[in-house]
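Next up: the structures, one after another.
Look at the two complexes coming up: subunit A is in both, with subunit B in one and subunit C in the other.
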Partner chain A sequence: MAEFELNTSVFTLKELREADFTPYDAVYLGDPYCRDYRENLSENPEDLKEAISLLREQGKTVYLSTYAVPRNADLEAVKQTLQLAEENRVEGVEIHNYGVLNLCRDKFPALKIHLGCLANLYTAPTVELLKEYRVNRVTGNFELSLEELTELKDQTHMEFELLLHGKMALGISEFCLLKDRLRDKSGSCLDLCRGNRFLDTPKMTLKSFGRVTLSGKDVCLLEHLPEILSREFKTFRLETFGEARDYPGTVGAIYRRALTEALKPDFLPQARLSQLQALSPKGLCNGYAFAVSGQDYLNLEDREQQKTASGR
Partner chain B sequence: MSKNSPKTELLAPGGSLEMVKLVLNAGADAVYVGPKGWSRRSSAFELSDPEIKVALELAHQKQKHLRVAFNTLPGNSELASGLSKIEQYLNWGVDSFVLADPGFIREAKQRFPRAELHLSVGASAMNREEFSFYRQIGIEMITVPCELPLEELTALKTENICGIEILIHANRDFTYLGRCTMSSYFKQNRQIDETGKNHFPGSPNRGGLCYRVCKSLWQLEGENLPPKDLGNHGFFLFREIPEYLQLKINCLKIQGREYSLDLITRIVAFYRQLIDETLAGKDPVNNEEWGKRLTGLTLLRDEERNRRTQDLLNTCRQEAALTGGKHG
Partner chain C sequence: MKPLILAPAGDLKGAEQALKHGADIIYAGIKGWSLRPNAFEMSREEFRETVRLVKARHKAIYLAMNCFYRSGEIPRALEIIGEAAELGVDGVIVSELGLIREIKQKFPRLKIQLSVQISASNTRELEFYKKLGIDGVVLPRNRVELEPENLKQLSSVGVKLEVFLLGDDSPNYDGHCFLSSFLNQKIIKDNTDRDCCSLGSANRNGYCYLMCKRKMEYLREGASQGEDFYLRRGDLALFNRIEELAASGVAVLKIQGREFPEQLTRRLIQGVRDLVDGLDSQPKTKKSKETLNLLVNLKLRLQANHLRLLAKSHSPFWLKARKFIEPLWDNLEIAAFLYLPFYAGSLRRKK
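Right after this comes the complex of A and B.
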């Protein structure tokens, strides 16, 4: 059994076929942010079956994502997604909504449940509550710092997944910004949101992926892997959806190698960091890992200074 | 207020003690306040404990209710202090509490079974299964997202899982409320007060102060139009009020703890009279004079809010420029 799990997410069969997912142990299938396009693996039984088959041939663990913001009218479709997960015996479902969690606990007792990043998990009592709902893996809200996440993990003994690299979801809307603002454009939903639709304002860039708004910069914790591993996190996400075809394979390979080397005294990530910078047109950030603004980037030296200043 | 109460409550904001007095006089049935650092507003519009005690006395003297909002998503280490505060307020006689964190809700209900707990709009509970989840952990009333249309509200009300509170004056945000960290992505700090509470300035989820970056002007790649905001607009529900009253929605809530005293008093008085006239069988929503009053209020409110938004964005950009940020 691997010492850690490196996973990513894939929204459509086409994307799964086109990119290289060799470096990953596990893949979350399906787009949790939008129900508008029929290629979404969460709601397309035939494509899903094929995707699962492709991944299992490669020895991957397969999870299925469910819609993050279902209204009453969406619940039946979400139930069908959970049904698909059960029928295809996926190794877990990712849930962002407490209503879906309630539904899954009551109606799909065989499914393992992972709590997704949009569920606003901030506290240990919430983790304890989630255990009673059969949740066995969680992603804390991205606003939590590495220290806060460590405290929650150690206090609750829950498996915490950590976003190591890629664009993080910062918000989800009822409507699709791209359809709203680019409605004169021809083409399908997929054409609109698979392009690099950056949103710029002074001192900040975001990326619109339709209903979900992502960080413009890529979260990057490569340099900080030794600290992260020393805190005994074992489950890691690289967010690669909506990126160029070579992105999942390249980023995955960099982190796969780095994870095996990070605890060695001669761990030198700088060359690989440059590679990652080249893949991120709007730059890198650490997210909220070090309790500063989400778009800031602290390198190793900055981090050491921060620790010294706070007396840790 | 019980979910089966026949009366629709008008709930107004209390961003200061003076505001509490004025909105109660203007006709609010209940007023909500936030303890410093614990509600989804900057601390300038929250109250100290002694002020909350006075606010409670003011409300009870008029046989009205006081609701205290603990609806930020607190730090793990802050929960014990939050529970102590709830216990203290409960002992003073506070009528109900607004919370958002599921674990905090469950703990509060287990420790204080008599506490009436409401779910914040910041939790964005939007479907019947979610209502059931929150009911199971102790919630009696849910403030629903602004996005829900009448038919969804009717379905949720008919199922009677929890009481329903609707924002009749607020902002419809770019994202579902509570599902946004764009402000803290731009700029956030840690600021711990003398009680040990972190105010997390920049994070509306954690501390209340939001820099409203969605109101900045954004250029979208591929769009050949001038930059514009992402969509965050104030609304005054008007024509919907008779339908909500007929549906026996439990509570109609007005946001605006940060407004001027004059503006908030006018808004509360407007809705008090609108509700009373509707219940008296008059037809104010089809009366031209009422339409003009609403237009006047909207203009005043937009002016105030736009000024504050510009102040927040300027402060935030200046801070970002001063600290430089660290960029990868």
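Right after this comes the complex of A and C.
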């Protein structure tokens, strides 16, 4: 068994069939950011069953994502998603909302629970509280730095998942920006989100996807894998949803190999970094890993300078 | 039952004005520990004075401790809450879930209000927070959450519902928007007793660069030219829905604006007081609802919008400029005139 888990998320059966998920150990099925299209695996029992069996044939671990911001009107559908997860014996459900957490704990005792990135987890006392709700894996709020996450992980002995690469959720809304606000009718729901449409300002670029606003830049921590592994993180996410068909396979393969080589003295990520740069038209960033603006990119040299300046 | 009015106090004078003009409860923060720039938070001494004042008037006061803190700051946050409890503070507004149980255990007399940053949006979620020990929750400023049917369902949980009467109609749920810190975040040690200040993080310090108010460009597939738009939709103002909100189970009407000038806050509180007092009377109020709505909704809301922009631009220049601009707001006509360019801008955006 691998010493780490590399996972990603897939929202539709079509995407699962078309892309290559060989490099991944596990896959989160279903779109937590939008309930408006029927192809969403977390709400489509038939497609979900097929997706699960496809992944199981490949020896993958299967998780299911639940809708991130359910209102009362959505609760019944979310309950059905949890039901599906239980019936299909998925290895865990990802939950972003504390109402869904409450529901899952009360009604679905067999399900393992992962806390998603939009649950605003910042502190150790909150992690301790979550343990009582059967949460066994968490994603800290993206604003937490690598250092803060390490402290939290070591203090609480909780499994922390880290976003290593891909677009980062920067906000979630009650409406779909493209459909409801911009009234873009140039394609179906699926086309709109997956198209090459960005929201540009002179200082940053964003991407709207369902009800979530994503970073235009891709988070990339490839260069920093030695530091991350030395901090003993073991669960990693590559966000590949909504990207071109070859993106999940290419990015997954790069990180899979890098993760196995990162602790060797001759780890040289530069060539692979160039490959990743070519796949990210709006550029790369480190997210909040190094306690600077989310859209900044610190290379190894910058990071060393930052450590020296802070005396660590 | 008539809803209570929860009003802001950025300083002692603001607290005095709020109480004088009809607030039932006021809320304030201590420098560094609430989601506002330091200029609109109180020193310990000023807060102590404010609590004395509130108690002398037999009203209530909440301490805003609504940042998402660092783990290492939790003990200090609890100390501050403990000091406030000793002073006689009635409740505390929090966002950090890990704090709730600790407060409940250590200071059982304190009421715990969940901040709007939580964006609680369904009954199951309220039940979760109720089990933790909260007494009230500020609901997100979204249209669907504030629909009467939804409010009735939420109020059935038995947690006091609080609603902001005025606010940004933000594109993202409160507490779930990281556009500002993604754009620009600096972690500094400021002059407060917090470990550090995350300038740019709306969740950790309340310093938001308001990306939603900046012009963006969207290029449709196949289009040769992008189109301008703003993420933010405008302001949310619910002054004309007070009766409906009360009937749907809303117990507390919250007025935003520790950073607003005193004159503006005073008018807002007075206006809301008139509306609440007029709930039982026929005709509804001496001033017609329409007049009050026009007063509050148009002029004050527009000023508030503009001033909030000033307040949130953290440059020392704007903070100084406020001192000269603020007295002018006392005259609504001058204020409306000064506001015209911004009003035109907001109309363009709505289009």
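Throughout what follows, the second predicted complex is superposed on the first by the 307 of 312 C-alpha atoms of A that agree within 3 Å, B and C clash if a C-alpha of one lies under 4 Å from a C-alpha of the other, contacts with A are read in each partner's own complex, and residues count from 1 in each chain.
Going forward, contacts are C-beta pairs under 8 Å (C-beta built on N, C-alpha and C of every residue); 3 or more make two chains touch, one makes a residue touch a chain.
Just so you know, these numbers come straight off a predicted model, no measurement behind them.
Placing subunit B and subunit C on a common subunit A by superposition gives a clash between them. In the superposition on chain A, no contact is made by A:Glu232 with either subunit B or subunit C. Of the two partner chains placed by superposition, subunit B and subunit C are both touched by A:Leu182. Touch criterion not met for A:Asp154: it reaches neither subunit B nor subunit C. Contacts of A:Ala291 after superposition on the shared chain: both subunit B and subunit C are touched.
Of the two partner chains, neither subunit B nor subunit C is touched by A:Glu304. When the shared chain is aligned, no partner comes close enough to touch A:Glu18: not subunit B, not subunit C. Residue overlap on subunit A between the subunit B contacts of one complex and the subunit C contacts of the other covers 69-72, 74-75, 97-103, 118, 120, 122-129, 141-143, 148, 151-152, 155, 170-174, 177, 181-182, 195-201, 203-204, 206, 213, 215, 288, 291-295. Considering their complex, residues 69-72, 74-75, 97-103, 118, 120, 122-129, 141-143, 148, 151-152, 155, 168, 170-174, 177, 181-182, 184, 186-187, 191, 195-201, 203-204, 206, 213, 215, 288, 291-295 of subunit A touch subunit C. Those residues of subunit B that touch subunit A in the complex are listed here as 73-77, 79, 100-104, 106-107, 123-134, 136-137, 147-148, 152, 155-156, 174-176, 178-182, 184-188, 190, 202-203, 205-206, 213, 216-223, 225, 227, 230-231, 317, 320-321, 325-328.
If you check the complex, the residues on subunit A that touch subunit B are 69-75, 97-103, 118, 120, 122-129, 141-143, 148, 151-152, 155, 170-174, 177-178, 181-182, 185, 195-204, 206, 208, 213, 215, 217, 220, 277, 283-286, 288, 291-299, 302.
By the touch criterion stated above, subunit C contacts subunit A in their complex at residues 68-71, 74, 95-99, 101-102, 117-129, 131-132, 142-145, 150, 153-154, 171-173, 175-179, 181-187, 198, 200-201, 203-204, 211, 214-222, 226-227, 229, 231, 233.
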